[in-house]
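Pasting the structures here.
Two complexes come next, and they have one chain in common, chain A, joined by chain B in the first and chain C in the second.
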Partner chain A sequence: MLRWLARRIIAAALVVFVVTSLVFVVTHIFTDPATVSLPLEATEEHRANRRAVLGLDRPLSVQYWDFVSGLVVGDLGESFWQSQPASKLVFERLPATLKLVGGAIAVTVLLAAPMGMLAAWWERRFADHAVLGFSMVSISAPPFWIGYLLIIVFAVQLGWVPTFGSSGFVSLILPSFAIGLASAGRLAQMTRRGIVEELRKPYAVTALSRGFSRSYTIVHHTFRNVASGFVTMTGWELTRMFTGYTVVIEVVFAWPGVGRLAIHAIENRDLILVQAAVVVLATLVVVTNLLVDIARRLIDPRVELA
Partner chain B sequence: MSVSTTGGDGRTERLLEVKDLTVGFPTRDGTVLGVDGLTLNVGSHERLGVVGESGSGKSVMGLAILGMVLPPGRIMGGSVRWKGEDVLDEAVANRVRGREIAMIFQDPMVSLNPLKTVGAQLRELLQRRVGLQGSAVRKRSLELLDMVGIANAPERMKAYAYELSGGMRQRVMIAAALACEPTLLIADEPTTGLDVTIQDQILTLLRNLSTELGVSVLMITHDLGVVAQFCDRVQVMYAGRIVERAPIAEMFADPQHPYSLGLLQSVPRVDRDDRELTGIPGEPLDRAKFPPGCAFDPRCAEAREGCQVAPPPLVKTADRRWVACYNRPGEGAT
Partner chain C sequence: MTATENPVGPAPDTGTDAAATGESVTVMGDLRSHLLKSKAGIAGIIICFLFALVAIIGPWLPFIKDPAQQSLPDKLTPPVGWGGTWSHPLGTDQLGRDILARLIDGARISLLVSLVAVIIAAILGTALGLIAGYIGGKIDTLIISAADVQMAFPGVLAGLILVAAFGPSVWLVIIVIAISSWMVFTRVGRGLVFTLKTSLYVEASELAGASSRRIMWRHLLPNLVSSLITLSVLELAAAILSESAFAFLGFGVQPPRSSWGLMIQQGRNYITDGWWIVTFAGMAIAIVVLGVNLLSLWLQSFNDVAEREQIILERPGG
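On to the complex of A and B.
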């Protein structure tokens, strides 16, 4: 188990390295940070000047070495929009994003698991159809639209929560739901389908034939067997949240997180800051996948230690 | 039905009485009957065999006796009585299932929960269905594993199903089935898929346990060899219906229904090696195309006019012998 874990961690580190290198390729080879950060009417002289200031006139190999050695010590370059270290800007915003994703994934899991189990329990009955209906709507509606809807109803009309900002737990509720509802819909359907399938398997029929109730069998026998898939899917949803939903929802709710920072960085043509945000978010995705692998191994002893 | 429908000789107490049990599965072409008007009785200390080919409704029958049908199937009629109580009543079923009637299944590979250890699966039964607490649970678990011939029981308690051999898994299943000291054990193809030597060990184990513990067994199988080795009495099933019912020796000496005859002629016999093996002509029945008359008619060598009109009733032809065939007139109407 420990050797397996060590191998997985090394593999994850390699993935982070490859992804960050790709980010470097995009920001330094396909585009020119100096040109991007200057107004359109800037002269060639201005650009050359800016390149010299940013060290972009050095050979690419030297710049890459600089970039990689900076990564190792957490130096992600200096933002030319804010004139501060990019890593400092990103890490300042990171707790807010983590809080938001944490809230969203809590909404996802706490809604999906019971809804999936209820739908399976009442297979082809009203509750099943109701859960299916919820899932269809939540999956089809774009998160930003759900976000605006929630703001209009709960913040503007009912006035229960603030419309934007991150002032404590209450302000976390709406954006968490805006992100988590679609994920919950997908996960609930997957859970329901998994349990219904498992209930037809001989071990579940055996449990029922021993007089265990349908609810006991679902919770204690089948859910364990779909848990591995559930964790994997939850990991995918987390990944989507880090790389997509949080960016949109942070803008909608004016949430001071990494996603909104990235958007502002793009607006201000600050490629170094964009690069830093992408590196941090990509690392979170890789760490998520690593945690999913570990969780699956803990749930199912048959998972290969490969 | 009269008392003579029991296979017992008066000394046995009637435990299970299934009457006209019908299980239907809705399909695009209408409802297919998995079990069609099934009638059977099991007495105390009795080992009854039900033989039939795949798709004859044997397994559906086994579950239906516990009041269970996999969706979208449904019990459409008939009754199942356990010591006089209606098992199709959910409250009775919840009490009887696992406690008084236990069941073991064909594939021990998948009948054990893959993510629970042997010990956890026994513990759950002993705590929730028997009501044992504390150290009694572990003591009884070890006792059960020992009873079914599992060596090194304390170690095996920690094992998952995938760490055990097929024979070992079936032994665990039997231990779990016996955990609540049931009066009847329904065994659905318990030896299918196991090596021949292991099959023999499992059957011997089941027979010894049923004698020692006084458990009746309803053995569901496609294997006449299993029936010959194990049962006192046998019922032959075809297309969801019982076509013949007889004491074991008489069935093998003198099968009456053309289908039973065909079944016997298609298996090798050690005691008579002079005979050539013959198969039953035709295909096993496609259950969606139900003939209105005798279901065996399309494959029957003795089919004649009149067989296609209605299914023949199961009638008594001699003492303890029942046949459903127009060519075997009974002693009288049932």
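On to the complex of A and C.
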């Protein structure tokens, strides 16, 4: 286990290294933060000056070394839009993003597990078809549109929750649903399928024939065997959320997270800050994948992991 | 899925691995067994056909207004049924432009961008998959490592950094969607080639002295086509959603051109007195994606590769 863990951590670190290096290639070789920060009509002299100020006139190898050694100690450069360390700005916003993703994953799990079990319980009956319909619609609708529909209905028409911002628990509800519904749709189908398959296995047939009810067998026997897959899938949905539509949902709900910070940084031509946000989010994805693998191994030691 | 009518009846192959029995391992495979196959397929085909038709002949449709024509006295006219008239069936936006006309106009960009991106991803990804699977060795290691890194670096992040570096453009969105999708084709193509490689006809042509290129092009590729087309349709659904998200963030097409995502971005400030702008634009996206998803389910019922579907599920950054 320890050796496996060590190998897995080294592999994850390598991926982070490659990804951040690719980001550096885009931000320093294809273009550079000085050019991006200046308007298009700026003269070459202006650009040269700005490069000198930002230390971008040094050899690329030196800049790259600075970048990598900075990463190791958590220094992600200086944002020139805010004149503050980029890492400080990103880490200030990170808790909001984590809170949002936490809310979304809670919605996902709390909807998917019961829906999957209900669908399997009433296989090929109305509840099953209803869950299937929900899944199809939820994976087809754009999450940011779901966000606006929720705002129109629950905030504008009914006035139950605030339209946007992050004031307390209540404001977390709508964005969590906007992100979590699609994940719940995918996960519910996966759960249903796993349980239906398990119910046909001898141990489940035995339990049923001994007179245990279908619901008891599902909750106490088959769901446990689906749990490993459930955790893995939840983990995948988590990585999707960190980088996928969370950015968009933060914009929709004016949620003060890392994604919205990156969008504002783009609007203010602050390449260093965008780079910092992207590096942090990409690292989060890799770390999440690592944690999911570990969780999977702990739940089901039989799982063979490369 | 085993199509036993009795839900608790023992399946003949109990205890075997799903992949080994050729069953699918996914949400999609499961959805399929539920839907009455043909009905879903027909619905999917009709929706896709209608949207494609409208996108192509949109401007020549009768009774459709000019999507760019502003008329401030008519601004924020509600749709029919909410106090509007048939002159603007789906209402107007904040500048008095006809929503229906703009939806039809936006279909072009939204669908074209997604389609081009998926085609690029499919060609690039399949080529790399063929090479990795057939040549093997160090090239294989290199390509599959690149695919693994790509998995950890989802499209939205690539989009953020590229837009920050080069500014928004339609081509940029196409490239971002393509690079967040190629590895799906590579992994599936590679997996299929691994199994095909040992088949008799490939060995026979190797013995007959055929070049690697000829074997890949003439013998392996034709066997991948049906699986890859199915995969492309599934990727198209993801691509349309991505395109709409990028357009919504303002990364893609710029005004006065129009796309569905951009309509939602522009309509978002009017959700209190003009809810129909955001609602109908999003509905267009949702319906076309639903159509593509239904089509994809139906296609999958024809050829079904468990491994491929697993790969789709494991993609981050949907």
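To be clear about the criterion, the second predicted complex is superposed on the first by the 302 of 306 C-alpha atoms of A that agree within 3 Å, B and C clash if a C-alpha of one lies under 4 Å from a C-alpha of the other, contacts with A are read in each partner's own complex, and residues count from 1 in each chain.
The definition used in the following text is that contacts are C-beta pairs under 8 Å (C-beta built on N, C-alpha and C of every residue); 3 or more make two chains touch, one makes a residue touch a chain.
Since the model is a prediction, treat every value here as computed from it, not as a measurement.
Asker: Applying the touch criterion given at the start, work out whether A:P301 contacts chain B, chain C, both or neither, answering first, second, both or neither.
Answerer: A:P301 sits against chain B, while chain C stays out of touch.
Asker: Could you tell me if A:K99 is touching chain B, chain C, both of them or neither one (first, second, both, neither)?
Answerer: A:K99 contacts neither chain B nor chain C.
Asker: Who touches more of chain A, chain B or chain C?
Answerer: C
Asker: According to the stated criteria, A:E123 is in contact with first (chain B), second (chain C), both, or neither; which is it?
Answerer: both
Asker: With the two structures laid over each other on chain A, which partner does A:R200 touch: chain B (first), chain C (second), both, or neither?
Answerer: both
Asker: Return first, second, both or neither, reflecting whether A:R8 touches chain B, chain C, both chains, or no partner chain.
Answerer: Neither partner.
Asker: Examine A:N225 and indicate which partner it touches, taking first as chain B and second as chain C; both and neither are also allowed.
Answerer: First partner only.
Asker: Pick one for A:G211: touches chain B only (first), chain C only (second), both, or neither.
Answerer: Once the two structures are laid over each other on A, A:G211 reaches chain B alone.
Asker: Give one of first, second, both or neither to describe whether A:V26 is in contact with chain B, with chain C, with both, or with none.
Answerer: second
Asker: For chain A, which residues belong to both interfaces, chain B and chain C?
Answerer: 123-124, 200-202, 205, 208
Asker: Looking at the complex, which residues from chain A come into contact with chain C?
Answerer: 15, 18-19, 22-23, 26-27, 30-31, 36, 123-124, 128-129, 132, 135-137, 139-146, 148-149, 151-152, 156, 182, 186, 189-190, 192-193, 196-197, 199-202, 204-205, 208, 214, 233, 236, 239-240, 243-245, 247-248, 251-252, 262-263, 265-266, 269-271, 274-275, 277-278, 281-282, 285-286, 289
Asker: Taking the complex as given, what residues does chain A use to touch chain B?
Answerer: On the chain A side, the touching residues are 123-124, 200-203, 205-213, 216, 220-221, 224-225, 299-302.
Asker: In the complex of these two chains, what residues of chain C are touching chain A?
Answerer: Per the touch definition, chain C meets chain A at residues 1-2, 4, 7-11, 14-15, 18, 26-27, 29-31, 34-35, 148-149, 152-154, 156-157, 160-166, 237, 241, 244-245, 248-249, 261, 264, 268, 271-272, 275, 278-279, 281-283, 285-287, 289-290, 293-294, 313-318.
Asker: Could you pull out which chain B residues touch chain A in their complex?
Answerer: Against chain A, the touching part of chain B is residues 63, 66, 68, 70-71, 94-99, 102-103, 105-107, 110-116, 124-125, 128-129, 160, 162, 173, 176, 180.
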